[in-house]
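Shared chain: subunit A. Partners: subunit B in the first complex, subunit C in the second.
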Partner chain A sequence: MKKFWQPYLAAFRGRAKASLQYRSAALAGMFTQFFFGLILTMVMEAWYQSYTGSAPLPLSLHQAASYIWLGQMVFALIPWRGDPELQNLVRSGEVGRDLVRPVHIFSLWFIRSLAWRYVSVVLRFLPILIFSALILPHTALRSIALMPPASTAGLFGFLVLLSTGSLLSAAISVLISCFQFRQISAVGMNAIAAAIISFFSGQIVPLPLISGPVELIYRLLPFRYMADVPYRFWLGSLTLADLPAALTAQFLWLAILLVGGHFYVNIQLRQVTIAGG
Partner chain B sequence: MKEPEARNQLSHYIFMYRRMAALSIRSQWRYRKSLLLSIAAQFLIIGVEFLGLFLLFQRFNNFQGWTLPQMAFLYGTVNIAFAIADALAYGFDQMGPLLKTGNFDRLLVRPLPAVLQLLGMEITIRRSGRIFLGLATFSWAAWRLGAATVLAPASLLLLALAMLAGVLVFLSLFLVQAAFTFVTIEGLEFMNAFTYGGQQTASYPLSAYRKFMQVLFVAFIPIGSCIYLPVCLVLQKSGLPGLPDWAHVAGPLAALPFMAAALLAWRSGQRWYSSSGG
Partner chain C sequence: MDEGLYSRPTMIQVEQLSKTYTVLKKKKGSLRRDREYIKALDHLSFTIGRGEICGYIGPNGAGKSTTIKILSGILHPDRNAGSCLVNGRVPWKNRLAHVREIGVVFGQRTQLWWDLPASDSFELLADMYQVPSGQRKERINRLKDELELHSFLHMPVRQMSLGQRMRCELSAALIHNPPLLFLDEPTIGLDAPSKIALRNFIRWLNREYGTTIILTTHDMDDIEALAGRVLLIGKGRLLFDGSMQALRREAGAEKRIVLDLASEPDPHSMRELFRGTELRLLEQNKQRLTLAFNPERLAATEALKMAIGNLQVADLAVEGQPVEELIAALYSRHNI
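Showing the complex of A and B:
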């Protein structure tokens, strides 16, 4: 008898292989990320040079620049938009074929999305790391290069949280895609999600630099656990002692999103109309 | 039949373009709800970018001596120009699919330049959310800076030129991207570094960047010459060291050679092209 997890494993493998086909797209995207990283870190340097206040800043320039590079490195992990494959399924009506499969539908989509995220990150991660951490320090741009992890423990925390963060990210992208059951055009939903998630995960401004009411808001949202929190371990502003709390928060959010997503999808599917044919 | 005179031809082009634009806007208006949602979403995207700028200001107090209204002024000018170009360039963006399906050949048999037909393919209203926010930041900044600085006739003229030149440079960048598609078929994502990256770069004073980045955006992709330099003059800020005053006034003119080069690239791409797909 087949094990219950076999279809999910097959879905993971299939999507991972399909995503690997887009190597050249990833390469082109990487150049864009080098370039954006350079622009953003130079602007950050200018901010630091302009500062004349006496209060110490929450991050050093080197840390802030590293925060930006880490953001470029795991760029593909941030769920900027819904899963395009799933969104196409919904638009074309092919989603009907998924619905007759004898599997748990939310899990299937979740696994597929996860494979897609993993591959996109793995394709981009290393080249950007090499560029920002190994090449830049030997140029005139060394002040805005990526610093090495603050400690081995920091690197450990970063890697652990990033890999669990990818679960959170996959869950969020499936949820965004599922909103599309109500609204056929994905453009608006994707854009709104991109705005909120990019800001509150720390991709626009390093979150440690923000204080006041906005800080309260970002602490209450799940998005920083896939980016901002792992980065802080790399930079050394969080240590091994903070890891259990961070992991607990991550898994709490993951549980909420998975359970909530499961029920949400079931409710949506009860009234779904298959478009197209 | 007699060849139409050059002037008649131009007015014919304008007439045709207006027809295409009107059609495109009417067709998008059919999906009002989705359209309004998209505009709101665009507004939100640029909104969080600006929120980021605002929050950094709270932390650092100034940016190389620029105040928040001054930064907002530059930011608004750049974003209005980019938004207009982005909305017009939809057709350029579609070159990949057009070539793959062979539909580009249909454009070639029509008695109208392909560039014009691509420009008229769709005026993407949903990208106009950026215009509203650009206008909002621009007006707020103009109000805070005082009408005397910004709204003097000479300043207004210079700004209008700067924005027009900015639109032309961004459009030319999208056109170069489209021209590359003749060779690569697949759309080229690396050009995003210069289109979206150019918009991002130009939103901050160019003096913030290292030398090679300044040279890139003043001399090669002249978005800095077109917008940053004149804005410095209007705001009475010192621009880039080593550049004479006349360069600040004449900056927007740099859009013309850049546009010519882009058109040349397009033309050689189109000449090279020998149908694909079917």
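Showing the complex of A and C:
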């Protein structure tokens, strides 16, 4: 019997298998995350100690540090750049290879990106979790360790939103790569995307600490739904009652990006030029 | 042109197909870029029947790859410019249905997962084309045997030699047993034994499954070994369509007599000897003389008599003009 998802499942397996070959890259990436986690949490600690304002901060230091560690743990899930395989494909003209497959092209790329993100996260999250939640509390740095989830319900919300958020994330990284149809190199696009998306997803400064017009902006953008929002469930500032609203927002954004992306790619491919042999 | 070719049911029908590319040109010292339009295909028309092996030749930039890309559904041709039916479908309009029934090998690109063994790629591709599990095993085994893939099937593709990889590429394009196969320079960079193995396989495929094969190449030996029919294009236009023999006639092919003489002759006297005859002295290299004649004007036996007549010949050979030269002559005659 023919199943419509069979080709896409194959694409997922292929990318996942290939991504598993790059274990040393994952190891190297992980050390970056350890390093960034430590620096960011220490900066946070210094900032908290020098804070002299009268209003209480929306997060305790322990919560803010946990927020940062969660960000490092699922770092590979944040679409802070386009999918390198896809960008390479567009640049080298090997896009033709995908166009001769009997699959919808945007869906194919989406599934492949998803596989890549899943494998990257699976290869990296455990050591960071062990380090920040189990080792740090027994050292002098216990004030900036990762706290356990606020409740079982909080952990549930975190996991659910993270897994659905990964769909959103894959859609965004495919779109970033596709904007490259109009460009020669991906470097510029990646640099802009990295700055905007890292910040507005909460990977640099915990978003609960930000208020004013910037708050309005980050609430209007889709990027927080795969990072900031799940983290708030872990920390306990959002509860099970907030889950339906968060899921709705994620799926709305996902629908917009998938439908928009599908049409965008089809239009671009109509005009695409594949040069040479 | 051979009559037989046109009695087959049609596989590909191209009529008045055009494709224009836009190129941005930057003038020296200026930031402004001018648009330039390049006609890659200029009202191209041809028909290819089911089960044909068709050589598609032309110099670099003639529009070969553009044609293949349009026929395989990758590129859209110019709007409102001509029509194109492949296997009863318009490739770029029904891309999904279309690509299910074609196989494509781009000799300069890979369709295998670079870091995975070829066997994994085959399984994934069989899934992509939804080949039923019963057929898939038989199909992969068949390809494995015919192309002798056993010894490197489980090696990552990146570690294969080019010849090994190309055999895997060919299998990968055929897992779903397509009735139509596009081969875009499949023998590029291959050594002689690999080329011969590949050609044998292509012949076998055509015989066994009746696969229609469109072959672009710069290697005229490929064409001579495989293609019953040759399409020559230049500047996006069809310049010749017919058999290899017809192409030779069209190009006014010469025959050659290569003589090894008993001793090294005097170059001047050799030139004198053949002056004013139908035999032309092409080259003299020590004891070896190469003479050319037009077989339409002079029978081969006569030519041989004339050549040997007054000389002390140690060894001799009669050969056709190399196809490469024919093609080069045709290219320059058509100014492409």
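Assorted remarks:
Assume the second predicted complex is superposed on the first by the 273 of 277 C-alpha atoms of A that agree within 3 Å, B and C clash if a C-alpha of one lies under 4 Å from a C-alpha of the other, contacts with A are read in each partner's own complex, and residues count from 1 in each chain.
Operating definition for what follows: a residue touches a chain if its C-beta (ideal position, glycine included) is under 8 Å from a C-beta of that chain, and two chains touch if they have at least 3 such contacts.
It should be emphasised that the depicted structure is a prediction, and the values quoted were computed from it without experimental measurement.
Once the complexes are laid over each other on subunit A, subunit B and subunit C both fit without any clash. By the document's definition of touching, of the two partners only subunit B reaches A:192; subunit C does not.
By the touch criterion stated above, A:135 is placed in contact with neither subunit B nor subunit C. One geometric descriptor of the composite model is the angle centred on subunit A: between the Cα centres of subunit B and subunit C it reads 90 degrees, in steps of 10.
Considering which of subunit B and subunit C touches more of subunit A, the answer is B. In the superposition on chain A, A:252 contacts neither subunit B nor subunit C.
Of the two partner chains, subunit B is the only one that A:43 touches; subunit C does not reach it.
Contacts of A:11 after superposition on the shared chain: subunit C is touched, whereas subunit B is not. Within the superposed three-chain model, A:204 lies in touch with subunit B and out of touch with subunit C [touch as defined at top].
Figure legend note: subunit B and subunit C, brought together by superposition on chain A, show a least Cα distance of 9 Å. For the contact definition in use here, the subunit B contact set and the subunit C contact set of subunit A share no residue.
Against subunit A, in their complex, subunit C makes its touches with residues 21, 65, 69, 72-76, 95-97, 99-100, 102, 104, 106-111, 113-116, 120-121, 123-125, 127-130, 184-185.
Against subunit C, in their complex, subunit A makes its touches with residues 2-3, 6-7, 9-11, 13-14, 17-18, 21, 92-94, 96-97, 99-104, 270-274, 276-277.
Every residue of subunit B that touches subunit A in the complex is listed here, in rising order: 31, 34, 37-38, 40-42, 44-45, 47-49, 51-52, 55-56, 58-65, 126, 186, 188-190, 192-193, 196-197, 200-201, 204, 207-210, 213.
Residue ranges of subunit A in contact with subunit B, taken from their complex: 24-25, 28-29, 31-32, 34-36, 38-40, 42-43, 45-53, 57, 140-141, 183-185, 187-192, 194-196, 198-199, 204-205, 209-212, 214.
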